[in-house]
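Below you'll find a set of structures to go through.
Okay, so chain A shows up in both of these, paired with chain B first and chain C after.
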Partner chain A sequence: MNEFALVWEHRDMILIGFQNTLLIVVLGTVGSLVLGVLLTIPLMSRRRGPALIGTIYVDAMRCVPFLLFAYLLYFALPSLGLDFDNWWTGVVALILYNGAYMAELFRGAWANLPKELIEAGQAYGFTGWVLLRRIILPPVIFAAIPLVGNQLIQIVKDSAFLTIIAVAELTHEATSLQTTYFVPFASFLAVVFLYWLTCLSIESTVGYANRLAEVRR
Partner chain B sequence: MTSYDYYSIAYGALATVSLSLISIVLGVPLGLGLALVRWSRLPVFNQLTIAYVSIVRTCPTVTLALLIFYALPVVGISMEPVSAGILTLTLSTAAFNTEIWRNALVNFPQDQYDAALSFGMNRNLRFRRIILPHISRTSLPALVSEMTLQVKSTPAVAIIGIVEITRAAIRVGARTYEPLPPFIFALVLYSLIVLAFVKTQRAVERRFAPPGDH
Partner chain C sequence: MTDDQTTMSQLAVQQRPVILEVSGLSKSFGANPVLRDISLKIHKAETVCLLGPSGSGKSTLLRCMNWLEQPDGGTVFLAGQPLGARPGGGLRMRDKELAAMRTRIGMVFQHFALWPHMSVLQNVMEAPVHVLKQTKDEARATAVSLLQRVGLAGKMDSFPARLSGGQKQRVAIARALAMKPEVILFDEPTSSLDPELVGEVLAVMQDLVREGMTMVVVTHEMGFARDVASRVVFMDGGHIVESGPPDQFFEAPQTERARQFLMRYAARNN
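And then the complex of A and B:
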């Protein structure tokens, strides 16, 4: 039990890591949702060019493990003249990677959308951007909510990989706590508990959002 | 990138494939067993399984690998990196597989179950001849997509020192200062592995399609 007391004593380290993880996850979520919606448009486009480029991007992301992609950015961004630190590289990697998965979820929901809905929208004179924003996207996003929830948990789990490029997130702080004081059991267990809490709150928030969406439908 | 670099990444693929296959071979039946525990509502074990699935499903694989590799020795269980890696991947895939199997069990048609009962089949026979073939078929797509996710989560065990595709590619990239070529080679290898799983799924589906379903 001594171990747990030591971790409690140094809880500020764990809490800094937790804060970082939460911030990274929130930025990753917002960014990948926006990217996902934007990517869905070329994916569903009737023109071959944009659709092909979108599909290649999404499929490539779906074939590559997150860690490998994060590492590519970690090495490649500086050589492109983009001077991001580890923290921002991690956030950008999360957004670009999970954005592709989000796009795939939205694409699935869009493909299942009844044709009549879009035709009715067009009959009322909606076209282009307004048709997209007012008619197509709301039901697509509502329908995708449960799957988006799963993807958010994936973002939380992916964020732990960032420890390998030395981002000071939760797992990283637990590792440094364990190497300094040799308290592997308590520190990793505490961290697993915090990840669990995070994902439970995501699940209940998504469940709540889903109920709201059901009401609107 | 020299031919030796290609070789070292391809050699990493061997580790990726074998780690994935071993954890799948162990994790799929383990998931089925836990799903049966959930299904039969065995007291205590049911609650333990619920807790296990809920915690492991949300635990990052990297963190789980660290916990198993560094924390288990504290309670007297110390493991080689490879065994710790296999245990990590098995525990994590089994948690997802439990949910997949359980979903199939919950949706198992009651009339087929009743028919088996009325033929006087005992518990064992009922499971082996009636339930298992059905739930295997309905779970297959979800199990295979979990397997492909599993392949992509194997790099997590790199943190406890196992060299698989990602770690090998990172090494090459760090040495040559050209991360793109090893990255693309790794991407090709991962795609081939994922493709192999998907093709196998298709073949198995055709082979075990219910009669008259062609």
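And then the complex of A and C:
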């Protein structure tokens, strides 16, 4: 019980970590959704070049462990002249990595879209970006909502790996607490509870969005 | 109608301007030829029903008319202007040019193809606002009056998922009319409807015929073709086998293949 009291006493550390995790997850979510949508366009392109580049990117991301990718980025970005601190490196890593998964989800939803919906857009004079924005992407996004929800939870879990590049997120703060005071059980259990809370909030938000989307599919 | 009257009305139709023309159209899917050297003229205010067995090429012909299927050979003309290919054939038009011509041709699909993420009203307003660049107020006023005309004023804020098949198809017709097209192409508009819902869609189409809309209709509704069409075009094996006024086609078909088709149809429906 003393262990939990000690964690409570140092709750500031945990809360700073929680704030950082939430901020990183929000930025990672928005960034990976935008990247996912942008990557879906070349993935679905009839032209070979863009489709090949999109596929290579998505496959490359999906076949590398996130932990290693975060490390690579941490060491690679400065050598490319991009001077990000470790916090922003972590956010960029989450976006680049999860954007590939989002793109794959959207690609699947697009491929399952009835062909006539797009043809109706073309038959009525829609082309290019307007066809994409008004006719194709909204039903693709509505169809992908349940799968996007799973990926958002994956982003939360991936954010914990950012401790290895010293981002002051939840896992990192819990690790600091336990190494300083040797309270592993209490500190890790406290952050697991906060991860649960975050994931449950995401699940209920996605569930609500899914109910709204139901009639629009 | 007597034979003389039929001939007179056919002559009158042929004096009207040609809205849509296909000339020497051919199309294959892989090694399978679907259309073989098809030529056809659709005159203003004409209702042409394309009939024929499954796989005869009638839906492909319809889809070639607005280049949803790109023909392998031949030309489509809309009010005398080549559509899809540049004058002289060969080079494909730029997407923007093709899109501009497509706005003058309405299309109603077999499976409705309403945009599911938009309300009924938005479906009807969408292309006038985002393609024709009408103001929202103008497009809304037109959409509301068209939805009243097809009997769906009470469903304007519903989403397509909440409508019956017949209601969806009536929205699709209102969506086509909102573009004020020169011709509307109907691709088996009643084929995916429950039998009791077919009548409400055909009634709206009959109204359009009375109002003088130019229509090309791929259909298996022989009653509609007989009562409403100004001309029936019978296709088989990618060819136009027979073309003529509905009275002649249904009462005295000129070809053996058309006779067989009508006999099979009659046997199935007796």
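Assorted remarks:
Simple rule for what comes next: the second predicted complex is superposed on the first by the 216 of 217 C-alpha atoms of A that agree within 3 Å, B and C clash if a C-alpha of one lies under 4 Å from a C-alpha of the other, contacts with A are read in each partner's own complex, and residues count from 1 in each chain.
Convention: contacts are C-beta pairs under 8 Å (C-beta built on N, C-alpha and C of every residue); 3 or more make two chains touch, one makes a residue touch a chain.
Predicted model only: the values in this text are computed from it and were never measured.
In the superposed pair of complexes, A:192 makes contact with chain B only, with no contact to chain C. By the document's definition of touching, of the two partners only chain C reaches A:116; chain B does not. In the superposition on chain A, contact is made by A:161 with chain B only, not with chain C.
Partner contacting the larger number of chain A residues, of chain B and chain C: B. Contacts of A:171 after superposition: chain B is touched, whereas chain C is not reached.
When the shared chain is aligned, chain B comes close enough to touch A:65, but chain C does not. Of the two partner chains, chain C is the only one touched by A:215; chain B is not.
Contacts of A:142 after superposition: chain C is touched, whereas chain B is not reached.
Across the complex, chain C is touched by residues 114, 116-117, 119-128, 130, 134-135, 138-139, 142, 214-217 of chain A.
Note for the complex: chain A touches chain B at residues 3, 60, 63-68, 71-72, 75-76, 153, 156-161, 163-164, 170-171, 174-175, 178, 184-185, 188-189, 191-192, 195-196, 198-200. Those residues of chain B that touch chain A in the shared complex are 54-55, 57-64, 66-67, 70-71, 73-75, 151-156, 158-159, 165-166, 169-170, 173-174, 177, 179-180, 183, 186-187, 190-191, 194. By the touch rule above, chain C contacts chain A in their complex via residues 66, 68, 95-96, 99-100, 102-103, 105, 107, 109-117, 126-127, 130-132, 159, 161-162, 175, 179.
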